[in-house]
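Dropping the structures in below, format is structure tokens.
Presented sequentially are two complexes of chain A, the first with chain B as partner and the second with chain C.
Right after this comes the complex of A and B.
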């Protein structure tokens, strides 16, 4: 009678033991997935690299490489070897480059834009679109200081945002 | 016989209670851990920044461009504090790259170092000496000029 009870007790104990094991393992898996499961937002780095490439393309030895005219506007992507296409049908990038006179702060007439216009800061509907704006100084052919402002918008929310 | 059964059940009940209590404790501890992890997961910064931002490409490009102009280089040679520090001060105002701690610019001329401009963004303490400097050598026919240009960051430059 007693030995039968002990066997039953062992069964109950082993059930509890497995239940605790499952609970603890499940809890650890859940915690790890909460902590590491969300994507990391790498768009800041992405936009930084894109801006650096644009700066490298437009400015050489401290001077603007191309004259600020319609030829640059029309052939910007090919001149700078930029390909903003992604695997998705919709374009995920938008970039806008504007030029300012360093001394007067006046905006120059040339403005270059590439990519999905819907991602422009003033047009973007999604609150998850990432915006970045960086500028650099370079001299034009006449030795005049020009500030080149590069505005970049990146969507790619599914890959970078919870 | 009935006594025997009674004592056996008592032992079983106490064992079961021990396991139930143990399970409850495990569940409570796990619950607290999950809650803490959820909170930490929410507050942690999911944005990634590069650590090595003391050498900002755009900022270095800007300052080298500025000094590639003969007139501006002449200002640097003469260690004209006003004009160059004016340029650096306009950097954040004009949207040019600027780290949170500000940029430092020093010019070495004939073994004499002169910190001609150090500006900081309002509200950020700029101290920390001994940071590695990004050096650009400007060699002209008449003068040897060494320009040190580096970011002042505490911890990580973002």
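Right after this comes the complex of A and C.
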């Protein structure tokens, strides 16, 4: 016959109970550490804002604000008030803007690119680089429909992924 | 015999107390992780960088940072120094050692200050484009 005291002691010192406690605590600590240890990845929002800024800069009331020439290509960053420098050895952004004729879907000769070319989708070596591509429609000065395609790559892996 | 049935064993009490202590430690761990300085610094640095990216000249943004102020006060860190902006890098610090930084791309002139009258906001003013 087991006494009441012995039964109580069994509960406290039961190795199985401690094993369950350790497994539960370990699991919770692991999950919480993983969840809060990883940074928030805000690059999707950031690329959305960058695309909006570019669209707002290039078009107004559905019309392109600037002629599609080399002047736009050369002064794009200053015209759109973008500062893509990140004061580090490597730049964290790359953006490429291409224009297409709406009717023929033919690519126009002008292509604008800014930032670190190594982050381009076809060149990027890191699997952590974030890519986003969006297009918008606008009319040029002659009333011709133009599709503007904006491709954005953002690295910032240390702040958002690792 | 009836009175014996209603007795609570001290071993059972110890068992329950130990379980409660275990649960309390776990809850405190989760609470400390979720509301830690590092998490708040990162959250605010990114939030402010995205706000600046979306800002247009002439905008005045009031950012409620009461939870961050509590942490900074606890660490004896001045509220005026929580947010600093250098070129296009925003840094949020709630303690002497540590802090989180994030780059923004909008080339707008900025002034940032702690609202010492309301005591719960930081004010970000977007000036002219650089």
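Note that in this section the second predicted complex is superposed on the first by the 129 of 162 C-alpha atoms of A that agree within 3 Å, B and C clash if a C-alpha of one lies under 4 Å from a C-alpha of the other, contacts with A are read in each partner's own complex, and residues count from 1 in each chain.
What we mean here is this: a contact is a pair of C-beta atoms (placed from the backbone, for glycine too) under 8 Å apart; a residue touches a chain by one contact, two chains touch by 3 or more.
The shown structure was predicted, so the numbers you read here are calculated from the model rather than taken from an experiment.
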item: First (chain B), second (chain C), both or neither touched by A:156; value: second
item: Partner chain(s) touched by A:83 [first = chain B, second = chain C, both, neither]; value: second
item: Which of chain B and chain C A:97 touches, first, second, both or neither; value: neither
item: Partner chain(s) touched by A:129 [first = chain B, second = chain C, both, neither]; value: neither
item: Greater chain A contact set [chain C / chain B]; value: B
item: Touching partner for A:45 - first (chain B), second (chain C), both, neither; value: both
item: Contacts of A:25 with chain B and chain C, given as first, second, both or neither; value: second
item: Which superposed partner A:119 touches (first chain B, second chain C, both, neither); value: neither
item: Touched partner set for A:68, first chain B, second chain C, both or neither; value: neither
item: Set intersection of chain A contacts, chain C complex versus chain B complex; value: 5, 8-9, 12, 39-40, 42, 45, 52
item: Chain A contact footprint on chain C (complex, rising order); value: 9-12, 14-15, 18, 22, 26, 29-30, 33-34, 36, 39, 42-43, 46, 49-50, 53-54, 87-89, 101-103, 105-108, 129-130
item: Chain B-touching residues of chain A, taken from the complex the two chains share; value: 1-2, 5, 8-9, 12-13, 16, 19-20, 23-24, 27, 30-31, 34-35, 38-42, 44-45, 48, 51-52, 55, 59, 61-63, 100, 102, 105, 133-139, 143, 145, 147, 149, 162
item: Chain A residues touching chain C - in the complex, by the definition given at the top; value: 4-5, 7-9, 11-12, 21, 25, 28-29, 32-33, 36, 39-40, 42, 45-46, 49-50, 52-53, 81-87, 92-93, 156, 159
item: For the chain B and chain A complex, residues of the former touching the latter; value: 4-5, 8, 12, 15-16, 19-20, 22-23, 26-27, 30, 33-34, 37-38, 40-41, 44, 46-50, 57-59, 61-71, 94-97
